[in-house]
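Each structure below appears as C-alpha cells.
Each of the next two complexes has subunit A plus one more chain, namely subunit B in the first and subunit C in the second.
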Partner chain A sequence: MDRVKKSMNRWKIINRKKIEERIFKCLMVASTLIILAVLLLILATVIVRGLPTLSLAMLTQVPRGGYYLGQGGGVANAIVGSLLVCAGAIGLAIMLSLPTVLYLNVYARKSSPFASFTRFSFDVLWGVPSIVYGAFGFAIMLFFGLRTSLLGGILAVTFLILPIMSRTMDEVVRMVPAELLEISYCLGATKLEAALRVVIRQSLPGLLTAVLIAFGRGVGDAASVMFTAGFTDYIPTSLLRPAATLPLAIFFQLGTPIPEVQNRAYACAFILTVIILMISVGSRLLSRKFTKHNLR
Partner chain B sequence: MDTSSSSLSQSQLSQPLPSDQTAALHGQPQPALIRLLQGSRLIKDKLAAASMLFLTIGSSLMIFLIALQLYQRSRPILAMKGLAELLFSTSWRPLRGEFGFFPFIMGTLWVTAVAVIIAVPLCLLTAIYLSEYAPRMVREWARPLVDLLAGIPSVVYGLWGILVIVPLIKNYIAPAFGTFSTGYSVLAAGMVLAIMIFPVIIHVSVEVFGSIPYEMREAALSLGATGWQTVKYVVLRKAMPGIIAAVVLGLSRAFGETMAVLMVAGNVARVPSSLLGPAYPLPALIANSYGEMLSVPLYDSALLLASLILLAIVLLFNILSRLILIRVERNIQ
Partner chain C sequence: MELRPHVSIRNLNVFYGNEHALKNITVDIPQKKITAIIGPSGCGKTTLLRSLNRLVDSVDGVKVFGQILVHGQDILDPKIEVTEVRKKMGLLSQKPYPLPMSIYDNIAFGPRLHGLRDKKRLDEIVERYLREVSLWDEVKDRLQAPASKLSLGQQQRLCLARGLAVEPEIILGDEPTSALDPKSSQHIEARFLELKEKYTIVIVTHILRQARRLADYVLFLYFGELIEHGEASEVFENPKEAMTREYIKGTIS
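Up next, the complex of A and B:
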C-alpha cells in the first residue's frame, strides 16, 4: 500500500515537472515568435509605406520652393548632410579612439587601475543618451559663439560615437594574442612599431567593423544633431553652414499635416533603413573576408 | 600624429643622443648611423606613448567635462531657484519663469517602467529559447536578425509607432477598457521603447548564457532535471549578474531615448495619470523646446539643467549596476 502511494507521489512530481517544462517551452516559443514578428513587421511597414513614394528625384534633388506643401524636389540635402556629418565625426573619432585603444592595450598594463578606469568611463559614456550629447555640443557651441553648423553636428556626433568606437575597438584589439606582441619585441621592434605594424594589421577587420557600427549609430541619430547641425534646404558648402540630416528630415516631414509630405517621410525612413542595413550587412561580410588572412 | 613625431625626432637628431641601453648591451661600438636610427625610433616611441597617454586621459575625463559644462550652463537657473523647487514643482510656465521638472521626470519614469515591464519577460524567455532550446537553424537566423535590428534608428521606430501602435491603442485597446485615448500615450511610448530595447537585452543575455560552462547543465540534466529545471536552478542563477547588466543596459537606453518617445508620447506637461493618458518625458522636452529656447530668458539654462539631470540619473544607473554586478559575482564564486 505504502509503496503504491509513494510511486503515485513520484508520478505527480514527474508530471508537474513535465507540465512545467511544457508551459515554459510554449511561453518561450511564443515570445520568440512575438519578438521576431514585431521586428519583421517594422521592416515590412517601412518597406510597404516607403517604397511607393521613393523616386529618383527624391534621391538627387534638393527641396524646391513649396516642397513642404507637397511640391517637387527631394531630400538630397539631408542625404548628403547626413553623410558629411558622419564622415567628419568618424574621422575625428578614429583619431581620438585608435591611439586610446592602442595605449590601453600595448602601453598600459592589462589590469592597471588607469586602464580599467578608462574602460569604465567609456562604458558609462556609452549609456549617456544622445540628447545629452546634443545639449553638450550646444553648450560648447555657445561657448565658442558658433551657430548651428556642420561643424557643430560633427562635434556632437563625434562625442556620441567616441565611446562606441573605443569600446568596440578595445574588445577587438584585446583579442590580439600576446605572443604576437612578444615576438615583435624579440625582433627588436619598439612598442609603437609593434602597435602600428602588428596589432593594427592583425585586428584590421574588427577595427573596420567598429567603424561601421559607429557609422550606423551616428547616421541614424537625430537627437544629437537637432541642436547642433540645424536644418536647411541646401547642401552645406562650408563647415560653418547648417546641414540637414536624414533623421531630422523624417521628423520634420512627419510633422506636417499634408499626406504627400508624410509619405515622403516614410520614403526617407526607407532610405535611412536601407543605408543602415547595408552598412551592417557590409560590416559582417567585410569582417568575414578579412579574417581569412589573420593569424590565429 | 606619426608625421609630427617624425619631424620632431628629426630636430632631435642634431643633438647628442642619450646613451641608449642597447648599445651598452652589445658591448661593441656601433656605426653612427645605426645608433642614430635607433635613437630616433626610441624617441618616436616615447613621443607616441606620451601623446597617446594624453589622448587617453583626455577621453577618459570626457564624462567630467560634459557634466562640468552642463553644470556651468545651468548655473543661472540654479542661482534663481532651489534645486528642490525645480525638481518637485509641477508648474511649467517658461514665460512666467516657472520651471518645474516634476511632470517630465514622472513621465520619463512611467514610460521607462512600462517599457521594462513589457520587455524583460519577453526578452528573457526569447534569450533562453535561443540559447538553450532552439535548433541550430533558428539560432543562426534569429541572432543576426536581432542584431541587425539593433541598428535601426529611433526615428524609424517612432514612425512605426505612429503608424501601428498609436492606432492600435486608439481603436482597440482603449475601447476595450471602455475609455477614450488619442493613442499618443504612456502605453504607446512604453511599447515602442520596449521594442527598441529588445535587441539590446536579447543580445547581451544570449551572450551571457553562452558563457556558462556546458558541464554545469550536463550535471543538472544527469541528475534527472528537466530542461526547464536546469535553466531555472542552474543557468539563470549563474547568469544573474549578466542578466542584470543586460536589463540595466536596456533600461538606460530606454531612459534617454528621445525621438521615438517624442513622436508617440503625446507631450502634455502634466504628471501622467493613467497608462492611456499622455506623458511628456524629459528628453522629449529638451528636443521639443529647441525653437523657443533662445527667445525666453533662462529657458536654455533650464533645458541644459534638464540634460544634466538626465545625465546624473543615467550615471547613477550605470554605476549602481556595476556595483551590483561586482557583488553578485563575488557571491557566486
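Up next, the complex of A and C:
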C-alpha cells in the first residue's frame, strides 16, 4: 500500500514538472514572437508607407525649392551626408578602439585596475544619451571656432559610437583563447606581433560585428548630428561644410503637415534600413571569406 | 647512460601570490634525452615546465626566484631577451591550438617572424618539418586548407612541426597527448622517440605508463617539492623515496 502511495506521489511530482515546463516554454515562445512581430511591424510600416513614394529621383537628386512642401527633388544630400559622416566616424572610432582593445587584452595584466576602470568608463559612456554627445561636440566646435560642418558631425558621431565599438570589440577579443597568445610567444613573437597577426585574425568576425553595431547606431542617430553636422540641401564639398543626414531628413519631413512629405519620411526610413541591411550582409560575406581558417 | 646537462635549474622558487608553487628546485635536465615530470595534479609540474620558457611571467602576481641556466646563461635574468629564450623552446600544449591560418602558414609563422621571406626556403621548411612529424603525406595536397580542418591528432602533429620550424633546442610538452585518441597519442610518442636524437625533450605527464614508455630521466614532484629525480629505470624500478614508491604503486595520487 505504502509503495503504491509513494509511486503515486512521484508521478504527481513528475506531472507537475511537466506542466511547469510547458508553461515556461509557452512564455518564452510568446516573448520571442512578440519581438519578431514588432520587428515585422516596423518593417511593414516603412515598406507600406515608404515604398510607393520611393523613386529614382529621391535617391539621385537633392531637394529642389519647395521640396518640403511637396515639390520635386530627392534626398541624395542626406544619403551622401549620412554615409560620409558615418564613414568618417567609423574610421576614427576604429583607429581609437582597436589599439585600446589590444592594449587591454594583450598588454595590460588581467587584474589591472586601470583596465577594469577603462572598461567601466566605456560602460558608463555607452549609456550616455546621444543628445549629450551632440551638445558636447557642439561645445568643442565652439571652442575651436567651427561652425556646423561634416567634421563636427563626424566628431560627435565618433564620440557616440566609440564606447559601443570598444566595448563590443573588447568582449570579442577577450574570447580569443589565451593559449593562442602563448603559442605565438613560444614561437618567438612579441606582444605586438601576436596581437596583429593572431589576435586580430582570430577575432575578425567579431570585430566586424562590433563595427557594424557601431555603424547601425551611428547612421541612425539624429540627436548627435543635429547641432554638429547641421542640415543643408546640398551635398557637402568639404569637411567644413554642413552635411545633411537621413535621420534629420526623416525628422524634418515627418514634422510637416503635408501627407506626401510625411510619406517621403517613411521612404527615407526605408532607404536607411536598406543601407544598414546591405552593409551588414556585405561585411558578413567578407568576414566569412577572411576567417575560413579560424578555430571554432 | 651518459647524461650531459642541458638545462640546470638552481634553487628555483615560484610563488603565485602567497602560494608557494615550486619549492627550491635544483635539478639538471639531460641533453638529447626525454625527461618526464610526473606527480599528482596541482603539484607544480606545469609551473616547472612553464618556467623553462618563462611563460609563467604572464601570470598575474607571480614571483620567480633562482636560476635556470641554459648553456651557462641564466634565462631568468630580467635583462635577457624573452623572445630569444622562447625561440629555443618549442611548446606543445595539452590541446592542439593551430593558429587561425592555413596549414602552410602555421608552419611558416615562426620562420616569417624571424625575418625569413624567401618563398622557396619557406616551402622547403614547411615540407621538411611536416615530414619530420610524418604529416607531409597526409596534407601535401591541401597545404592552403585551414589548419582547423585537420583532425585533433593531425593538429597536434602540426603544432609540433610548427614548434620545430623555429629550430628550438628543447621541446616542452605539457601533457601533449591528453586530448588525443590512443592512436594519435601513439603517433606523437613515436615522434618524440625519434626527435630525442636531435632535441632535448621535457614532458609533463600524469600517465605513468607513458612516462615509462618514453622517459630516460624522471622528476617526481609532490606539492611543489622535488621528491626524487634520476634515470627512469632507477626511479621506476628502485625508487629511493617512500613517497615515490607510493605514487608509482598508485596509492597516492
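The rule is simple: the second predicted complex is superposed on the first by the 241 of 296 C-alpha atoms of A that agree within 3 Å, B and C clash if a C-alpha of one lies under 4 Å from a C-alpha of the other, contacts with A are read in each partner's own complex, and residues count from 1 in each chain.
The criterion applied here is as follows: a residue touches a chain if its C-beta (ideal position, glycine included) is under 8 Å from a C-beta of that chain, and two chains touch if they have at least 3 such contacts.
What you are looking at is a predicted structure, and each value in this text was computed from that prediction instead of being measured.
**Student:** For A:K110, decide between first (touching subunit B), second (touching subunit C), both and neither.
**Tutor:** Touch status of A:K110: second partner only.
**Student:** So, A:T190: does it touch subunit B (first), subunit C (second), both, or neither?
**Tutor:** A:T190 sits against subunit B and subunit C alike.
**Student:** After lining up the shared chain so the two structures overlap, which partner does A:S287 touch, if you call subunit B first and subunit C second: first, second, both or neither?
**Tutor:** A:S287: touches no partner chain.
**Student:** Counting only touches as set out at the top, which of subunit B and subunit C does A:T168 meet: first, second, both, neither?
**Tutor:** In the superposition, A:T168 touches no partner, neither subunit B nor subunit C.
**Student:** Can A:P247 be said to touch subunit B (first), subunit C (second), both, or neither?
**Tutor:** After superposition on chain A, A:P247 lies in contact with subunit B alone.
**Student:** In the superposed model, does subunit B or subunit C contact more residues of subunit A?
**Tutor:** Comparing subunit B with subunit C, the partner touching more subunit A residues is B.
**Student:** For subunit A, what residues appear in both contact lists, the one with subunit B and the one with subunit C?
**Tutor:** 190, 193.
**Student:** So in the complex, which bits of subunit A are touching subunit C?
**Tutor:** 109-111, 177, 179-180, 182-190, 193, 197-198, 201-202, 291-296
**Student:** With touch defined as at the start, can you tell me which subunit C residues reach subunit A in the complex?
**Tutor:** That would be residues 53, 55, 58, 60-61, 82-84, 86-87, 89-91, 93, 95, 97-102, 105, 109-110, 113-114, 146-148, 159, 162-163, 166 of subunit C.
**Student:** Which residues, counting only subunit A, touch subunit B once they are in their complex?
**Tutor:** Going through subunit A, the ones touching subunit B are 17-18, 20-21, 24-25, 27-32, 34-36, 38-39, 41-43, 45-46, 49, 95-97, 99-100, 102-104, 107-108, 117-118, 120-125, 127-136, 138-140, 142-143, 159, 162, 166, 190-193, 196, 213, 216-217, 219-223, 226-227, 247, 250-251, 254, 265-266, 269, 272-273, 276-277, 279-281, 284.
**Student:** Quick one: which bits of subunit B touch subunit A in the complex? Just the residue numbers, please.
**Tutor:** 1-2, 41-42, 44-45, 48-49, 51-53, 55-56, 58-63, 66, 69-70, 72-73, 121-123, 125-126, 128-130, 133-134, 142, 144-149, 151-160, 162-164, 195, 198-199, 202, 226-229, 231, 249, 252-253, 255-259, 263, 283, 286-287, 290, 300, 303-304, 307, 310-311, 314-315, 317-319, 322
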